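Report on the following structure.
Here the chain labels run A, B, C and D in written order, and each chain numbers its own residues starting at 1.
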Amino acid sequence: MQAKVRMGMVGGGKQAWIGNVHRLAAAMDGRIDLVCGALGSTRRKSVASGMHLGLPGERVYGSYREMFKKEGKLGDDARMDFVTIATPNNMHYPISMAALDAGFHVMCEKPMTLTLEEARNLGRKIRRSDRLFCLMYNLLGHPMVKEARDLVARGRLGAVRRVVVEYPQGWLATRLETTGHKQAAWRTDPRRIGPTCTIGDIGCHCHGLAEYITGLRVSEVCADLATFVRGRPVDDDGSVLLRFENGARGVLWVSHIAVGERNGLSIRVYGEKGSIAWSQQDVNRLVVHWINKRSEIRRTGLPGVGRSAARATRSTLEYPEGHLEAFSNVYLEFVDAILKLREGKKVRRENAGYPTATEGTRGMAFLDAVARSAVSQAKWVAVEDESPSEQAAPGVIVKPS
Amino acid sequence: MQAKVRMGMVGGGKQAWIGNVHRLAAAMDGRIDLVCGALGSTRRKSVASGMHLGLPGERVYGSYREMFKKEGKLGDDARMDFVTIATPNNMHYPISMAALDAGFHVMCEKPMTLTLEEARNLGRKIRRSDRLFCLMYNLLGHPMVKEARDLVARGRLGAVRRVVVEYPQGWLATRLETTGHKQAAWRTDPRRIGPTCTIGDIGCHCHGLAEYITGLRVSEVCADLATFVRGRPVDDDGSVLLRFENGARGVLWVSHIAVGERNGLSIRVYGEKGSIAWSQQDVNRLVVHWINKRSEIRRTGLPGVGRSAARATRSTLEYPEGHLEAFSNVYLEFVDAILKLREGKKVRRENAGYPTATEGTRGMAFLDAVARSAVSQAKWVAVEDESPSEQAAPGVIVKPS
Amino acid sequence: MQAKVRMGMVGGGKQAWIGNVHRLAAAMDGRIDLVCGALGSTRRKSVASGMHLGLPGERVYGSYREMFKKEGKLGDDARMDFVTIATPNNMHYPISMAALDAGFHVMCEKPMTLTLEEARNLGRKIRRSDRLFCLMYNLLGHPMVKEARDLVARGRLGAVRRVVVEYPQGWLATRLETTGHKQAAWRTDPRRIGPTCTIGDIGCHCHGLAEYITGLRVSEVCADLATFVRGRPVDDDGSVLLRFENGARGVLWVSHIAVGERNGLSIRVYGEKGSIAWSQQDVNRLVVHWINKRSEIRRTGLPGVGRSAARATRSTLEYPEGHLEAFSNVYLEFVDAILKLREGKKVRRENAGYPTATEGTRGMAFLDAVARSAVSQAKWVAVEDESPSEQAAPGVIVKPS
Amino acid sequence: MQAKVRMGMVGGGKQAWIGNVHRLAAAMDGRIDLVCGALGSTRRKSVASGMHLGLPGERVYGSYREMFKKEGKLGDDARMDFVTIATPNNMHYPISMAALDAGFHVMCEKPMTLTLEEARNLGRKIRRSDRLFCLMYNLLGHPMVKEARDLVARGRLGAVRRVVVEYPQGWLATRLETTGHKQAAWRTDPRRIGPTCTIGDIGCHCHGLAEYITGLRVSEVCADLATFVRGRPVDDDGSVLLRFENGARGVLWVSHIAVGERNGLSIRVYGEKGSIAWSQQDVNRLVVHWINKRSEIRRTGLPGVGRSAARATRSTLEYPEGHLEAFSNVYLEFVDAILKLREGKKVRRENAGYPTATEGTRGMAFLDAVARSAVSQAKWVAVEDESPSEQAAPGVIVKPS
């Protein structure tokens, strides 16, 4: 019988869109059971959501602290194995810290924390613990994103020269946050979204995707953040010039006020010998151009794609796969690691097949640099180096408890 | 607590792609538990798949007959509520009949049966039973398909005049069935696929989709079926001229030898005042043209779509949804009906929110007409009328047992 | 100095869209001078258009008969070399016959004539004359259409198995012809458009394109023509099943009532080893799929296309070329042949690099078969064989006069 | 009879792609006759090209100076009316100055000059002359670009907030200039291309298009130019952050080393109430999104587009129009103005319906600012203000000579 793991959830109540996405994705392959939750900011809200989801009443908790404490007292074959954190950004840090203290693995929504300082603290704790930490960079779960990464990693595109990555959205083109819209409210509240709204909400996806596909680090940024909606205390539009560690150049731009755009994320990477283009509007297609061959279209589920993409593909014959499958792919890799640990095997804490604290901390260093650049007169601001020695070198192994 | 229903499965073993799709889709919303199965053509195969899926050993059965018998003896709170039939076409009929006899609801893959005669028999049995029958026409679960149907139903396009529907695939362009490829083998075996392979496998999707969106019946057909791969005993390519009951004209074509195509299903419906275009390559987009207004693009999850589409949408903000969500949408409507019955409420057996025996029998009448036309010298062959009185009039109610 | 040829024009007055297209296309490369015209159905109209175009008054004629007579009396270095016929279909035949009698080459709009009988008569006259005849199948001038033909001709796709070609338009979805719309009026007048409107106006393009790309003849048809707009005396929608001489199957459909469509012509050709797709909505792109390689996108002006396409390409670097360039490409080949003749060289009357009476007569045989099929109860109607011996064998040479 | 104007040409010999484009475009509508040329850098080259084009020998000149001198002595009904300058960038200024001195109107390729200083000098000379100057910003001739401008100008999008414009090309991804490739050679020679290659060659198109559509001026830039191909003395890739005079933000990026891109220019403009997207890959389509309505697709030749677009459209029914038509549209407006002057009418020197020295000087000010920013440590560099008083106020009239 296929082993299963047990999941708890903080945040993501019945009205929270992202909470439902996590539950659907986690449930998809039948290897994860949702067993408990602290699903709202009050006990009443948590109970309402818990009932809606059919959770047993005794495992619906009023707070994450209560959940960690009581779950910790349950037997090995009952208590949750990991907690999914689907709260506003400001809670990622304290909940992750508490979960690790209580002995639970963590699946945390992006960005990792509210500040770079917090990310470093959390990273240190993770490295000292025997628990696993997964950052939900769901885009990295798409087969064609993996295919793109493979093409770069295998040198097929040659040295990367230019990157263009963007994430335009238009839903905050008016002051939606004053109309009672919860999603808008927390994202435009500096205490909950962090030093920059556009990067903290969507720009971190762009950064994570660019570093994942290129295998390169963004080393310097030059940022221009703007607020177009009057009275809004956070930025709602941003452009960033990028310089990568190998000299490649790039542009990253994000917007919450780009009327007509919904989830218009796309990335293009140009190398010496070839280039790739991928878009969230057509996730199963990767366009590949070659300097001396005809252009190709690679598609999820078709022959001619690499192993990573094939492994992340559920159906064949090019049936349309979407974002749930991408979330699920991240969950699957994380569950695999948890089960290995359970069986007493060694697992990698870095380069783990799923995004970890390394990627999360890199993202926070990027966010931090952009926020500093936005208020600086200097042209270039360095992204602080989260050196491998600080971060735990690739290959460091978590020993099972 | 949200009520759940229990599902058993016949066919769809671990190597069967469609079986996995059903399990993922059924699991997606956490309202269906897979509790038992007869998952292979032998006990050994069934057990292997059952173990792989983590089913308890005592509920993995060697045959559907054994499953129906033993499950029938379990208590109300344990035995499966419905059976999903994911076998080759020739088994749909006997398993459905047996399931109804044993008191289980049925979720059956398309096409409903192997012959029109069987479909009529099964339809009669369903009408006399208090059990529900759902035909898995998964395409009808896509939000933008529902949106298209709504536009026609509300008269926005005016009277429908022309329909073009196609489903090209290329995977059988060579004689794959002689290489040990199971999917190819049964689809090219006349005993298992039925009188026509292209219509029985993919043409029935086209017909179901066209009748669903237009709300019209295909009344006459003129078909040309062909076999291009030498030695293949079934057709692998087909074209059909369509006449609809209201005088609208259409073309339906399908192919298994259309090199380069995977799941290239698309439909276009032209009315007096507007037209729609939808494609399985971009399931979340519906293009709408108007005779005297500018063209529109409607998208899943965006404002400006109707209630049916919105109800079938899981995420907002235009996140990419795919075919799993479409399957799930069909399951959800079916589960709703099962639960209503369980609560002693009345439910409709027809016009049920999910495809029923009516749609299934219509599909078999179409398949039957195409098969007759293909060997006829007459230009037009009538699709036999599955009259409402025969089929159970809309509005007929299943009384709970 | 680059030699030029002189062009006269019948029809195509200042309000006629197609007349202007011909003039722009003929003028594009600076090798054709428009020197005279009989541009309207009355002398008054002709003079008005002639003045508008800046033609010298003495070379604006009241009728094509007058034009042929008076131009024939001018010197070798003054009189027109060829006449472009841009009139309603019913005038193609008498004007072509008269032009040949008067010693002028002919550039004739499609379709060649009103009836198959006329086409055969005209074909015979052409074969006995020393003048050249070009049929304006403008679509054959697109570089990517030539590329598609090359791929088939060189056997890259293997034997052709299936063809799908369509030309939906929507501009006649209402009874526009009763509103004073000239274009609509003649196209819906059986005496001017011929036995079928949809085939005579747009279906002939589909047929010509399909035979050009595949190099195959349509041998049998099964047609369903319909009239949706009440009171219209001609068909405004049509579907045709096709059988090709090699056993390939196809579908051709055309419509004037497909709301929202403008010039939606597209063709797909599936062979044993590969397939191509081309559309008038994106004329510079040819999608090529292979049975065992990744898909390609070929584009006008890019490396990697064959000689025919490259020869028909004016710009490099993928600048957008359109339908004027396609018309011009047909003119260029025709002018080349005229100039060769002028220089005393031999030229081919068939397989001439531009569409000739052979293609024109094939088109009329197709139209004739569709019209007969539309009123027949028999399923299949043979397209009459315009045998090479009747048609002038390929390689027959026009000897200069 | 429709009046014509006579054109001379400097540069654009038979091997120069852009020369041919100009000739085709100028010839398209039959209102411009090419009468003379100095078509190469030597007399021999000029004569070879002149013969190829069929120009009379006595009007093929060895240099532009000779041409201006000799043409100036011809009679009013013979000598050229205007000269088209299709040379490398460094010759735009001296030839334009000489042409104005000699009394000829000027059609000049972009960019206007090599330096901002030259542009200002040339602008002053134009304002003091009675001759007209047209800058060939061909992109501004596309109907859907005009439609976009109209939407902004009429306030339909609300205040512009964000602009994204890009022009990736890949043809210089290797050191093509050392292989004898003439186009590559002059574009990578700082003396001929000017202070920046990417902006001087393609970035000026982006800037001109952005200011044309938005009606706004770029006021500040922050640029990052790079050279990826070793040994190349000019930049081959560039990113620029933009700030517009009204506070709108933008990104402009261009590249010559973006493998796989050909003419990938595209622009997106987001306003408070709507947004537009246009691309050179599909010039006849304008996507328009609205904050509270469904998205639209506007197309060249379809109903529902504004007057400017309709006026720039040659065909109806959505036949594909391309870049030649766009060039022709610029020529047509310019010819109209020349003819008005000839008839003694007043014409505007600014806001002229075609791009003038105002747009040209703005482009050079932008180029100048980018070049300064690229080597500056300061974050923002102001684009120098070419004030209307300096530039000739809108409404200033050229009086006929």
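Convention: a residue touches a chain if its C-beta (ideal position, glycine included) is under 8 Å from a C-beta of that chain, and two chains touch if they have at least 3 such contacts.
Since this is a predicted model, take the numbers as computed values, not measurements.
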item	value
Homomeric contact subunit A-subunit B: same or different residue positions, threshold half	same
Centre distance in Å when subunit A and subunit D are each reduced to the mean of their C-alpha atoms	44
Computed distance of Cα centres, subunit D from subunit C, in Å	36
Averaged-CA centre spacing for the pair subunit D and subunit B, given as whole angstrom	56
Multi-chain contact sites of subunit D, meaning residues that touch two or more partners	295
Chain-level touch network, classified as line, ring, star, complete or other	complete
Touching residues on subunit D, where the partner in the complex is subunit A	161-162, 164, 166, 168, 170, 173-174, 222, 224, 226, 228, 237, 239, 241, 243, 247, 249-251, 253, 255, 257-261, 268, 270-275, 288-291, 295, 376-379
Residue ranges of subunit A touching subunit C (in the complex, touch as defined)	292-298, 303-304
Parts of subunit B lying in touch with subunit A, wherever the complex brings them together	1-4, 17, 20-21, 23-24, 27-30, 34, 51-56, 169, 171, 262-263, 280-283, 299, 301-302, 314-325
